[in-house]
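Below: one structure, written as structure tokens.
Labels run A, B, C and D following the written order; every chain starts at residue 1.
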Amino acid sequence: MGNSKRITMQAAAELVKNGSSLTFSGFTIWRRPIAFVFELIRQKKTGIHLIEVNGGPQTEFLVGAGCVDVWESCWVGHELYGKYGANLSRKVGTKEIIVEDYSHAEMMFRFSAAASGAPYAVTQTSLGTDIHNPEYDMLGRAGRRDGKRVAKKKYIFAEDPFFDAGQVVLIPAVKVDVAVLCVQQVGEEGTVRVGGQYYSDPEACRAADVTIVVAEEIVPEEYLRRNADQNTIPSFEVDYIVECPYGAHPTGMFGRYDVDGAFLKDFYANTRTQEGFDAFAKEWVFGLDHIAYLEKLGWARMLKLRANTALNYSPRR
Amino acid sequence: MSEYASPEEYNLADLLCCAASREVRNNEIVFAGTGLPMVAIMLGQKTHAPNLKLIFEAGTLDGRPPELPTSVGDARCETGASRSSGLNDAFSIAQRGLVDLGYLGGAEIDKYGNVNTTCIGNYLEPDLRLTGSGGNPDINSFSKRTVFIMVHEKRRFVENVSYITSPGWRVKKWPGGEWVHRRELYGSAYQGGPSAVISTAGVFRFDEHDGHMYLDTYHPGKTVEEVKSLCQFDLDVSRVKGETAPPTREELRIIHEVLDPDEIFIPKNKPKA
Amino acid sequence: MGNSKRITMQAAAELVKNGSSLTFSGFTIWRRPIAFVFELIRQKKTGIHLIEVNGGPQTEFLVGAGCVDVWESCWVGHELYGKYGANLSRKVGTKEIIVEDYSHAEMMFRFSAAASGAPYAVTQTSLGTDIHNPEYDMLGRAGRRDGKRVAKKKYIFAEDPFFDAGQVVLIPAVKVDVAVLCVQQVGEEGTVRVGGQYYSDPEACRAADVTIVVAEEIVPEEYLRRNADQNTIPSFEVDYIVECPYGAHPTGMFGRYDVDGAFLKDFYANTRTQEGFDAFAKEWVFGLDHIAYLEKLGWARMLKLRANTALNYSPRR
Amino acid sequence: MSEYASPEEYNLADLLCCAASREVRNNEIVFAGTGLPMVAIMLGQKTHAPNLKLIFEAGTLDGRPPELPTSVGDARCETGASRSSGLNDAFSIAQRGLVDLGYLGGAEIDKYGNVNTTCIGNYLEPDLRLTGSGGNPDINSFSKRTVFIMVHEKRRFVENVSYITSPGWRVKKWPGGEWVHRRELYGSAYQGGPSAVISTAGVFRFDEHDGHMYLDTYHPGKTVEEVKSLCQFDLDVSRVKGETAPPTREELRIIHEVLDPDEIFIPKNKPKA
């Protein structure tokens, strides 16, 4: 049933236009579509409006490469392999990028609202913090609040009219053009089965107008449909699928491979300057396709990251 | 409880971890950030609080990782968990008021327990952009008690943080920005607030009434005056109880042999040169 | 780890006080905690404020027995075995019960808001219908809107201030004292694994202040924790557990047994009058415990309902 | 397409089911209520629309039940589904605007397609309380097109329904209650509205501009005048195309041999006495 949604990585990256708003699957240094991000960089995208529940290496690659215009999120770094996002930090300093800060739960609830078709969400998180400081509405300051893809206001304060619960803050749903998910399995018709924590993937998928799934493997739909209650995202929410084993490297993939900490440490060290980033990108992104990238990483390195089937991770001892 | 270790047997990270682990009570629901907070909670779980329920914001609920996760998104978090899901569940559980204790870190803190992890300097022209909030304000907004683990330097314990990332006992009421007690702002969502700061110099607590931080215990080798001099604000030292209890040998064994044998977050103590 | 949460059905029903607000697992004629409801009836509860995403036989039993004061929901019936809720319908006519109508999605979103700790939800469903007719605010008319357990208003109209999406309606979160779930498996520590569609169970559970889980079987926690991503509700959201095989009969249980359509038809037919209901309750509820109820149903009947393991239902041919 | 059946080979339920099934187009996402709507969609799936995606509000998404479910909560719904979840997903998908076609029923309908399933008579003193809304207004609010399947009696096709459960093309703007076009009220959530009513008398459509129902085709054996007389409102018959196409023999075979051999929703045609 249904036509295959398979496309190539190159064709998938071409679906992201300059100026598009974009989001990703995963959490900090786990299940990020890095191979896809590398292809975006090779295609020299510009003006990307990146809207992420949280950031990570994928953010730092895109920001370092100059693809990103606006970053709306709450956190970027490489966990213990790099304590903050050095590319982003540098470009905030030079004002080459607009950063709009929300809290983590606010970002999550903004995606949940969008995934549910609601124009905004109601929350009581982060009251009293500078996240709500009206002076710090950076998209507003930049004149970008058109009320179409960017909400007219960053937030609105209200009082709960039903139970006198106190102050609430209204936060606008995100408007995302393209979501790119990196997962273990996708069926030919688009059914996604995520292994382990699904983070904010289901909401990211449905919030976006177009969803591309990059999977370790494309499997027969019939296999996934034998256990519908183990699937994460329904077929019709996925527009395109790409098979790309190790497509999340250097980030990790539950049940498949661990985070490549050494790679991230090296990347982070190189992002302290633009020259460092450029050299790193020249070595690892430009002039390589995904197979060449894997060849360069080599078997020993990748086998060491391989998850043990019984444990779902690569044991340290 | 096994006997206390002597000063040459542990380092500051050990002390922080043990002091932090003692903040948790048995049967509590605990929401932890990545790093030292994780090790501290798991230490509590292996000592006096075996029935604590651990939540990680990436979506594992009541997990029992046998090998230390490097972050809350780690595949290791899921082992033995009651449920694995996602961030919407984790933050909804917090906002629903189910969390007893949050464990967090920070770059700067003021006397009300307001914490900054966003930037150093003017937000609009920052000297240094940091990671950003992550779940710090969210976990802190909704936990009955929050424990912060911090490096203690005078530039970090400040009169006013560069940016209030995570709410303390007195916060700003927007849009005007006037200072109010947290209780006034959060209404029925009010659950509590920062209950302890475990720094590399001492353990600090808060007067919930006026929201001020005070020194509870100073770490072995420090003095009250030394700790006071490490704060830009006028630290209340009137209630100090004495020295922070050092790690026990059993706690050190658990940290270094069971929880973090690979020194991912806590280096082993090197004999002093 | 942890103390067992096991209690008896009788003790579980005693947790529901007269005047409590109450909700259930399941969907129309599936996975309803009927054995628990029978025990509530035997204990002659009164003044129950029933708040349901949707109703079903459990509603009709409680309403028929005079336990329910207020019913907030959107639908009651027995699907094809009884076209509407005849007890409820009769008692609406005689004004023995207050019915507060919301739409199905509104009820769901009210539970989602409560489960997320938000005071209210924002939606655009059912605009222009009489569900939003201010004259039909029945709890308001009855003077029951105290702003504590019952919201000060049934709904509030607003305009979307972020994207000019048009009219929105704000609907208050539900406030539920006790949720009773009827599921296939629960662990000793409370972890719930629902088989098949989970309906609105996770939200019902977390919305309530106290949750009781009635399960076909109590299984070792360790068994459920081997596959955390297949579990539905985490341990700490469940306060009490009761083992009660066939506890959902005559409603169905995915993978275990089908709906007993003949039983429901018979029940429905008897609910056309109060005398009919009373006679039915005398025969099937009062003076029987759960084992006596199963004996009365008999083996032939129950084996016919038994779900085929490969199919998860009882095939008709 | 196989040849049309002759009148003695089918009954009204067959005709309704076939007419309804023809409203679906291939590749559409369809949200169906319990009963005849379910059979109609599955018939479409087995004839001209093999790639339609079926959503049931209890939470099964893109399911392919091999045996007819008795309701949308049925265990049978899950077989072959892409995902099984719950109501929050189903209604969120609808509100997100992903649904092309909704299939519903009703007790009363007015000329704008407003449908009542809540009560007969004054809501505050009802003559008869019915089931209530269920998901009828929700599916109808957000689908690009909605098809209603109804028994045609004069008391059901009324000037004003007792209670607007499910929104038609012209609805009431609350709190005032003034009549407005649906498009004005729903703003950017506007997707469309009722596109067809398949009754036991004929097939009706709507002028999306003025929101009025008109007769599209009358069923075999009926006349235009007869259908008109079965409506309390003044039915527009100016655009009538002729007779409703009867079931084909292949459709009847699928209904009675494949989909509903046990006559759960559709009785087999009994030869007239």
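Some notes on this structure:
Rule of thumb we're sticking to: contacts are C-beta pairs under 8 Å (C-beta built on N, C-alpha and C of every residue); 3 or more make two chains touch, one makes a residue touch a chain.
In this text the structure is predicted, and so the values were computed from the model without any measurement.
Inter-chain spacing, taken between the CA centroids of chain C and chain D, is 27 Å. Between the Cα centres of chain B and chain C there is a gap of 40 Å.
Computed centre separation for the pair chain A/chain C is 38 angstrom, with centres defined by C-alpha atoms.
Each of residues 109, 116-119, 123-124, 160, 163-165, 196-198, 229 in chain C touches at least two other chains.
In chain D, the residues that touch at least two other chains are 60, 78, 84-85, 88, 91, 94-95, 142, 188-189.
If you sketch which chains touch which, the pattern fits none of the simple shapes: not an open path, not a single ring, not a star, and not all-to-all. Of all possible chain pairs, the ones that touch are A-B, A-C, A-D, B-C, C-D. Looking at the complex, you find that chain D touches chain A at residues 29, 50-51, 53, 60-64, 78, 80-85, 88, 91-98, 142, 188-189.
On the chain D side of its complex with chain C, the touching residues are 34-35, 57-60, 67, 70-79, 84-88, 91, 94-95, 114, 118-119, 123-124, 126, 128-138, 141-142, 163-167, 171-175, 177, 180, 182, 185-190, 261-262, 264-265. Chain A makes touch with chain D in their complex at residues 1-2, 114-119, 187, 189-191, 206, 221, 224-225, 228-229, 231-237.
The part of chain C that touches chain A in the complex is made up of residues 109, 113, 116-124, 147-148, 151-153, 156, 160-165, 168, 170, 172-173, 175, 195-198, 229-230.
In the complex of the two chains, the chain C residues touching chain D come out as 26-30, 53-55, 73-77, 79-80, 83-85, 88-89, 92-93, 99, 101-106, 108-109, 112, 123-136, 157, 160, 163-167, 196-203, 252, 254-255, 258-259, 261, 307, 311-313, 315-317.
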